[in-house]
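In order of appearance the chains are A, B and C, and numbering begins at 1 in each one.
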Amino acid sequence: MAEALIVRNLSRRFGGLRAVQDLSFSVNEGETVALIGPNGAGKTTSFNLITGYHRPNAGSIAAFGRELVGLRPHAICAHGLARTFQVARPFGKMTVLANVMTGAFLHDRTMDGAREKAHEAIDFVGLSAKEHLPARDLTTIDQRRLEMARALATQPRLLLLDEVMAGLNPAEIDQAVALIERLSQRGLTIVIVEHVMRAIMAVARIIVVLDHGQKIAEGKPEEVMANAEVIRAYLGTGFVHGAVSGAAQC
Amino acid sequence: MIDTLAQAVVNGLLIGGIYALVSIGVTLIFGVVKIVNFAQGEFVMIGMYISFFLAARFGIDPLLSLFVSMPALFVVGVLVQHFLIRRVLALGDMPQIFLTFALSLLLVNVALLLFTADYRTVETPYSEVAIHLGAIYVPLAKLIAFGVAMALSGTLWVFLHSTDLGKAMRAAAQNRDVAMLMGINPDRVFAVAVGVALALAGAAGSLLMPFYPAYPMVGQVFVLMAFVAVVLGTLGNVTGALIASLMMGIAESLGIQFVGSDSGLIVVFLMLLLTLALRPSGLFGGWLR
Amino acid sequence: MKAKRPAPGWLWFGAPAAIALVLPLLVSSAFAIDIFIRVLLFAFIGVAWNLIGGYAKQLSLGHAAYFGLGAYTSTILLIRFGVSPWIGMLAGGVVAVLASLPIGALCFRLRGPYFAIATIATAQVLMLLFLKFRDFAWGAEGTTIPNLGNSPLMMQFDAKVAYYYIALALLAIGLVITYQIERSWMGYYLVAVGEDEDAAEAIGVDTLRIKRQIYMISAFLTALAGTFYVQYIYFIDPNTAFSFNVSVEAALVSIVGGIGTLWGPVVGTVLLEATSALLQSWLGSGHGGAQLTVYALILIAVILWRPSGLLGVLTNAYAHIVQARPAKREALIDG
């Protein structure tokens, strides 16, 4: 299987803080990989590095055969990587439809074409009824849906989702998981940063665990969750001898 | 030649002290409240007029009037923060910029209406006195102004580093959200920041009166210098603003001396553009040091 | 992309256009025509500013740079080389576009207030340069342009009304350009940049490129206004051409009227100029500072009360009164 994303020896410091240290992992095409770790582990920073918002101090990032380091975010998006932000950032002055159309314009500059692609993405995330609402009037969860629709409208090959499940109730989590599964079935490569274990176990083929900017474990979900290092990172040394239950939310 | 150079440097240094008072105020407000106060110069102007009227009506020396202008402008600052600035904090860059800009426009034109465009000056016993250091001619009024300016800057520095309120201001400047979580009341801190900044502007005005005329637009010249110094010294960095102001004063003075009497401003602007082009974050890093 | 409008589209263009076309025929006072010309001209400058400042929210306070470059280019070509100001106008536009490239490259790396300060500085530097250089640009005294009588080919007319229609044409061009951009992919990209640059980059918007492009268009149009102004008042000097007041008014009319909307700058200009005219008739012209004091108060009021500008208030009022619909908030962009 071809590799969609190869991260090698990625490092980034902010002043004295080593946010990401010598991180290496890869994602195969069509796979869903989860990036987990306690708060401050460097997950969102990794996303920012991959999508071009920060420049790494060292290391390389290659996606679909092309080196990404040094490219600006818009070029990385044009190359096929789309991302959502941890706190949704809709264009408040525009409606849902206009927001998503802005994403669609990347590949189709015509109004009709972009509108069509936007409708598709909006239908997919289930926001059709609210198409003409101003983005600033949406609930937080709908804003997240909007964020995802907008990202999908850019026709990505690799989607990076940053904590899309935060604050969702169990029913909503199931919906979100179903969405991710459908995307995966379409062949999309997905990397998710998540804390909600239930969702991770459901969608991720591989889990990469970060702590203090470093990778401390990588592998299939069952292996990783039984890993002593991982348990120690999340829960402290006292818990190392018990296994982490699938329903626990860290 | 050396003498001319030294004289120019001294001239620049002395006026740089005044620029420092204005620019420290701008950078303080930007660091703590995260707003650019385009009206800072107008508060200098107000300080000047206060001193002028105290001198003209009651014969009070401008240096003494510091004790009036500074507290008066502190109160004005608290009011401005409470009634104007507070309302636009959540609105984003454009309304904020335009609010202080409109305030500037308002103050200049109200002054024009009230006082006309006439230059007002104050004569003091020491206005014409100068000290001679070797071949260098140091006007006493400017020297006093410089001294008081440095004293005030030093006091501010101590305040920021040694008092709880000062530390709260630095904390709010570095990370407002965390500061709030730690129990710091942002409104109070902002009010003090704006009050102090305006008090410093008022001080600059009073210190200027012995050797500079007051007129409605006088603030605009100083605020320009202040802005360049603030950018050069890194937005939010008080020490940086001080050092950069002194540098600006010297650069302007050298420009006037060696390039042409109308070239002071060009030199300053070019410095600004160079800074923005090469090192937009300024020469020094960090917040409110 | 249409703003939600309560009335059919053609009415919004047709009515003002019809009024504007016949207005000078109904009014004969030269003083009134002069006011109308100023309104049209400053509305046009406001429209030009609005492209970069209103839609993309890049708060330029230095547009006078392009106004002045346009004015000086056509004047230099006219006086030194005898070139018709019609051509000079276009040449001025080209000069402005060329200038906008390095200025943009420098200023767009900065955000928020940094950007504004940098734009102020560039306009001031140009003013200072033109004040110094007597050789090709007449220095601080400026110059008058030779009075050639009624020569349409040299953009000089005896009839004031001619200037009115030229200014109207310029405004119409500005509005048409804005309208076309607004309803194209470029309009969406501009608003996206204005709302959230980082989020825009994440969906493939080359924010630097689009800022540069719209800035060029904005600079070009502003320069045209500069040429017109010189031809109208027959005089130019650096203080007028690169005046900070021009930069301020360019932004002011849009902010008061409605940033990022098609008609905002027009509404703002009409309001501000009407206020100014009223003040002049009440107070006479002896009260220096009265006019700007009122401007400042209006601006403060708008910022505190309706930061997105007054156009929204007007359309809401219309919707509320005429159609008994609940008021909506500021300009909405729909797909």
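Everything that follows uses one rule, which is that a contact is a pair of C-beta atoms (placed from the backbone, for glycine too) under 8 Å apart; a residue touches a chain by one contact, two chains touch by 3 or more.
Quick caveat, the model's predicted, so the values are computed rather than measured.
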item	value
Chain C and chain B - chains in contact with each	none
Closest chain to the centre of mass proxy, which here is the mean CA position	C
Mean-CA-position distance for chain C and chain B (Å)	33
Whole-Å separation of chain centres (CA-atom averages), chain A against chain B	47
Where chain A and chain C are represented by their mean Cα positions, the distance between them in whole Å	43
Per-residue overlap in chain A, given as positions that touch at least 2 other chains	none
Residues of chain A touching chain C in the complex	51-53, 72-75, 77-78, 82-83, 85, 89-95, 97-98, 100-103, 105-106, 109, 111, 114-115, 118, 131-132, 134, 150-151, 153-154
Chain C residues touching chain B - in the complex, by the definition given at the top	57, 59, 61, 106-107, 109-110, 112-114, 116-118, 121-122, 124-125, 128-129, 131-132, 248, 251, 255, 259, 287-293, 295-297, 299-300, 303-304, 307
Contact set on chain C toward chain A in their complex	1, 183-185, 188-189, 191-192, 194-196, 198-208, 260, 329-335
Residue numbers on chain B that touch chain C, as the complex places them	30, 36, 84, 87-88, 91, 93-95, 97-99, 101-103, 105-106, 108-113, 116-117, 216, 227, 231, 235, 262-263, 265-266, 269-270, 272-273, 276-277, 280
